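Given below, in the form of structure tokens, are the structures.
What follows is a pair of complexes built around chain A, which joins chain B in one and chain C in the other.
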Partner chain A sequence: MNLRELWDRPLARAWMAVALVGVLGCCFHADGAFFRWPTHRDMLRQVAVYGLLACGMTPVILTAGIDLAVGSIVAVSAVAAAKLIIFGGVDPVLAAGVVSLGGLALGGLSGAVIAKFRVQPFVVTLAMMVLARGLAKQLSGGQKVTAYAAGLSPTEATGLLTGLDTRLLGDQLATVTAIMIACAIFTWVLLRRTRLGRHIYAVGGNPEAARLAGVPVGWTIFWVYAYCGLCAAIAGLCQAAQETQGDPDTAMGYELDAIAMVVIGGTSLMGGRGGVGLTVLGVLTIGWLQKILSLNAVPEASRLMATGVILIGAILFQRRKHA
Partner chain B sequence: MSTSHAVRHTSTQGPVLRVRGVTKAYGRHTVVRDVDFELRPGEVHVVTGPNGAGKSTLLKILAGVVSPQAGTLELHGQTREFVGPAQARAAGIATVHQELSLVAELSILDNIMLAREPFWLGRRARKEAALSVQKRLTEVGLEVDVDRLVGQLPLAQQQRIELVRGLYDGAQIFLLDEPSSALPRADVMHLYQQINQLRAGGCAVLLISHKLDEILELGDRVSVMRDGEIVYSSKIATGTANTADDQLRREIVAAMVGQTSPENGPEPSAGPACTRPLLRLVAANVRTSPRVGPVDLELAPGDIVGLAGLQGSGIQPFLHALAGAGPGLDARAFTLDGRALTIKTPGQALAAGIVLLTCDRKTAGLVGSLGSLDNTMLSALERFTTLGFVHRQQARAAAGKLLKQANLVAADLDAPVTTLSGGNQQKVYLARCLLAKPRLLLVDDPARGVDLAARQDLFRLIHSHAQAGNCVLWSACELSELTANCQRILAFHRGRVVGCFSRPFDQKAIVAATLTGVPQATASVAVATTQEST
Partner chain C sequence: MPLTRRQLFPAPLALALAGCGASSNKPAARGRGTADAPWRIGMSQCNLGEPWRVQMNRDLTAAAAAHPNIELIAKDAQNNSLTQRAHVEEFGQQGVDLLIISPKESAPLTRPVAQLYKAGTPVIVLDRAVQGDAYTTFIGADNRKIGEAAGKWCANILGGSGKIVELQGLMTSTPGQQRHEGFRAGLALAAHPELEVVFVADMQWLEPNARREMESALATQPQVDLVFAHNDPGAHGAYLAAKAAGREQDIRFVGVDALPHEGVAYVREGLLDATFAYPTGGAETIATAIKILKGEQVPKHIDLATKLFTRDNVDAGGEALGA
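Our next item is the complex of A and B:
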């Protein structure tokens, strides 16, 4: 394989972006901070919630859709989990199950409306974004759901919430990072090794051909959004664990970060092309970039502008040339 | 030709697929009307007819893509419901649509297995499927890796993959919609082999085709459709002698041409005395593949010239190229009104005085959400604009006047144009083209889906525009529309101009030219093409 062919592969380009950011890190290493593992461990912990959202977003974007509701579903899930565990005294594992099912249902509702009534995903999930945010505020009564508010000391609010915010492998890896990795692997299997995965690519690539071949297009779309909702709910559990509270205003705008990570990886917004491997590389690219900027104490204003410029650059860089 | 005839046997079994009284209408327009049709095992049933006769719709009904308003379906002798494509495929019906229906982003294997995959696609399941698919690919003479993306394959191979999908399904019924129309000659022979193999294997094949040679070479039975009905049906005898062949050819062509409708438009008057040509086109080629051309053309003011040809004969790319709407035009000379032109965009064409009325009003013509007046002034806005401001009253008055001339029936000229009937929408579309005052007007099937009265109005407008000293190139599905309205007709065949006819028109000769590419009288054409095809 010559260099040109390699260059035409999205995966090679995604690695290239990661490598470029790595080089950047080596140049601006902030007195060697970039060469220490705890820096990277923290980065991987910080991107975990975004990464979970991006994993769920990938199948959606592969069907040429979009899900704007994931940030709000994170908030609902965080509030619901905190409420159940801190106030309800529910068994944390049971609570996690209930919250996950809730996310699946909210996502599935979006998917059902999109598939059944053929409304644009943008509009439906925009409505779901507002609705779910309202639901989060309703559940929490507009207040942050904390152990303090329940009259408990933070240490008493044990169980899942603190359990998720620990580290594994002798303190070397955050639990939330492990969850993100597991989710990425699961998504990879879903896309590559199951019937649903093939149908997702087919629906995104050419919906009419898929329909003519006998693919249940509607059900495929339904499951894609349901899965995205499920991932968002898991992200919400992780968010609640890290904040040790359920904040109805959390994760504002996270959906855009997740979409950016998927697109930077090289998955096409037009559908049918891409994969979760690319998304993981996109997550790493943005994660490292943010880390390097903060290590070097770049002020937030410059950081945002730099991120914007780099986003555009990366997307132009990933753009597939059409022969 | 004789080899395929030798293996042919006429089936004595009952039909595997039979429909009766099938009717399909879109709005008021009936596309398929009360059609009875059957397919027998080991038999190739060819359906032919002019464009828009309802052939593809009939095929789509059988493939479960379109559900008819009336009619019954019998599959293997049992009455069935008309159902969706998934169920049709499960019932052993494989379809190759005119537009390829594969997912370019998926691999060959994934496309063939699409909607047939096991729930779990482990390495082993994939490997087994890959082996069996690879075997079938080799059987049909396709040596490609099953993991290649379909989008990277040439068209001919993509089509064969659709056939392999049917074989993989174990289908007994194959529906093929003009499979050879887009293929280079070498691949056409491959396709014929495969169709013969299907027949030998006892499959029932429905083949839609425009090509007389193909019909006689492959068919066991032929049906001609016109205006949604089957107007002629015949067996094609085994090992046909040339004389019987000729007879059949004549009958098929006659059935396709049918009666000419008397109501078509006003008689064209001789234009003003020919001074100097308005449009001059020398050795024009369209940069499509395969190329269209060369076309040489000289039009005088007042000329209306018809372009006759089948779908895919290159007329559409030619018109689009003139209007800057598609692949470009290379010409030794291309002048309009004495000025040499290079046209790359529709905007340049408009500025040069060339406007195209496309055959697709809905997607390439009107802006559905705008009102009739706003649509009409769209192309002519430049004329009503000073310093970026539009003189709305002037523009509305000019548009309104033209719409009145067109006898537009509309309650509200500002209501979205989609609320109008098809005929009235077409009037708005033509008015928009005319308001731009084109020196060269290109019309592609201006009467598509339009009722008789509206037709008259449309044609009258086109004629009066020509009489005002402009020229018109006119393409239409129905030849009778051209013979009634044009002074000259150019016949296109596979991208070449194969004949130029003038009044009085010999309809059969024109049809023969567009079908066979040989511009001679029907009887001698038949013989000439038989020789050519061997």
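Our next item is the complex of A and C:
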């Protein structure tokens, strides 16, 4: 394989984007902080929630859809988990199961409306975004759900809620990062090794042709959104654990970050082309970029402008094709 | 072009609304300040999506409940100035005896408030100001003074020597700017050459952002003695980052707001060293409202004093600092 063929592969280009950000980090290493593993461990912790959302978003975007509700589902899941565990005294594992099913149901509801009534995913998930945010505020009564409100001490709260905010492998990897990695692997298997995965690519490539070929288009769309909701619920559990509370206003706008990560990776918004491996690289690109800007204490205004410029650059870079 | 049904839709709606306005044009009977005919007080809150404002409403409701001769009607404008303007107009139509408003922004609400005030209804403006002087009294706390009190306390507790991290609220917002200015004035860096602010970042009032920024501060700064965050969730996020790095024992954490279930609880549990109250003024507002309704004179501007909560005084209800 020559260089040009390599350059044609989206995966190679996504790796190049990651490498470029890495070079940027090596240039602006903030007194060597970029060369120490804890910096990267913390970066991987910080992007885990976004990464989980991006993993769920990838199959949606592969069907040429979009899910704007994931940020709100994170909030409602965080609130529900905190409520169940702190005030309901429910076993955390059981609570996680209930919350995950809740996310699956909310996502599935979006998917069902999109598939059954053929409404634009943008509109349906926009409605779900508002609905789920309202649900989060309703469940929480507009206040953060904390152990303090229940009269528990933080140590009790740590045992109950923050089991996910720990580290593995001798303190080298955050548990939430491991969950994100597991989710990415599961999504990869789902997309590349199952019938549903083949159907997802078929629906995204050409829904009419897929239907004629006997692909159950409606069911495929339903499951894609349900899975996205499930990932968002798991992200919500991770968010609640890291914040040690259920905040109804948390994860505002996270859906846009998740979509940006998928697109930066190289998955096409037009559907049918891309994959979760690319998404992981997109997550790393944005995560590292934010970390480098933060390490160097770049002021907010410059940070936003730099992020915008670099995102556009990365996308153009992704798109580049030789003549 | 023929009118479609969609274009016609707003017309009957507008007619219906106009009809409502006309039919309820005569003001309802005013209260007399007895249990049978209580004074009715309209309260328009700009956004109940923020915990601090939820607390403000709770404080107002609790204070009002102690007085059978007043009735509080609370509305939430959901962060929309025009909704809030409608509240003011509705309260005017209802003929409330007094209006309490915590405006979202000054410009769009100045005129509606002035109209109501000039028509004879007393108005208490809470926390955020309107332009001009067409209102009865303004009640609010001073972010700059709170920042200054915090700065002085921090310089003092460090014995005039140490390395400080400042995690700022949104620096495009007035509270963020004022807390920052006040904090720097209170620190008096020129008079304390051993005192140094080594890391500054904008965490936009958000706990996850504060945790990320604090991780960067810890990665680049071998010594950090104190973190001042512009709100308690920020200080809590910084604490969590330091705890994950095993450095929480070496650092003092100071926040602002002191909500009962947030900052005060964090101090009580020993997570934060201090928090400075940004008072909601609920009790003072109701007391002032009753004075106005009884025909007594009240000052045009009422400054709410901050309170300092530390581990030593938290169980005694904090220490009031002069306004």
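Criterion: the second predicted complex is superposed on the first by the 316 of 323 C-alpha atoms of A that agree within 3 Å, B and C clash if a C-alpha of one lies under 4 Å from a C-alpha of the other, contacts with A are read in each partner's own complex, and residues count from 1 in each chain.
Throughout what follows, a residue touches a chain if its C-beta (ideal position, glycine included) is under 8 Å from a C-beta of that chain, and two chains touch if they have at least 3 such contacts.
Small disclaimer: the values here were computed from a predicted structure and weren't measured.
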Quiz item: Of the partners chain B and chain C, which touch A:A297 in the superposed model: first, second, both, neither?
Solution: second
Self-check item: chain A residues touched by each partner, larger count belonging to chain B or chain C
Solution: C
Quiz item: Counting only touches as set out at the top, which of chain B and chain C does A:T39 meet: first, second, both, neither?
Solution: second
Exercise. Scan A:L173 for contacts with chain B and chain C and give back first, second, both or neither.
Key: neither
Quiz item: A:R273 contacts which: chain B (first), chain C (second), both, neither?
Solution: first
Quiz item: Who does A:E243 touch here: chain B (first), chain C (second), both, or neither?
Solution: second
Quiz item: Once the shared chain is lined up, is A:A202 touching chain B (first), chain C (second), both, or neither of them?
Solution: first
Self-check item: On chain A, positions contacted by chain B and by chain C
Solution: none
Quiz item: In the complex of these two chains, what residues of chain A are touching chain C?
Solution: 30-31, 33, 36, 38-39, 42, 46, 137, 141-144, 146, 148-149, 153-154, 165, 167, 239, 242-244, 247-250, 290-291, 294-295, 297, 299-300
Quiz prompt | chain C residues touching chain A - in the complex, by the definition given at the top | solution = 48-51, 54, 171, 199-202, 204, 207-208, 211-213, 215-216, 219-220, 237, 240-241, 244-245, 261-262, 265-266, 268-269, 271
Quiz prompt | chain B contact footprint on chain A (complex, rising order) | solution = 192-195, 197-199, 201-202, 204-206, 208-216, 272-273
Practice problem: Show which residues of chain B lie in contact with chain A when the two form their complex. | Solution: 63, 65, 84-87, 89-90, 95, 97, 100-106, 110-111, 113-122, 165
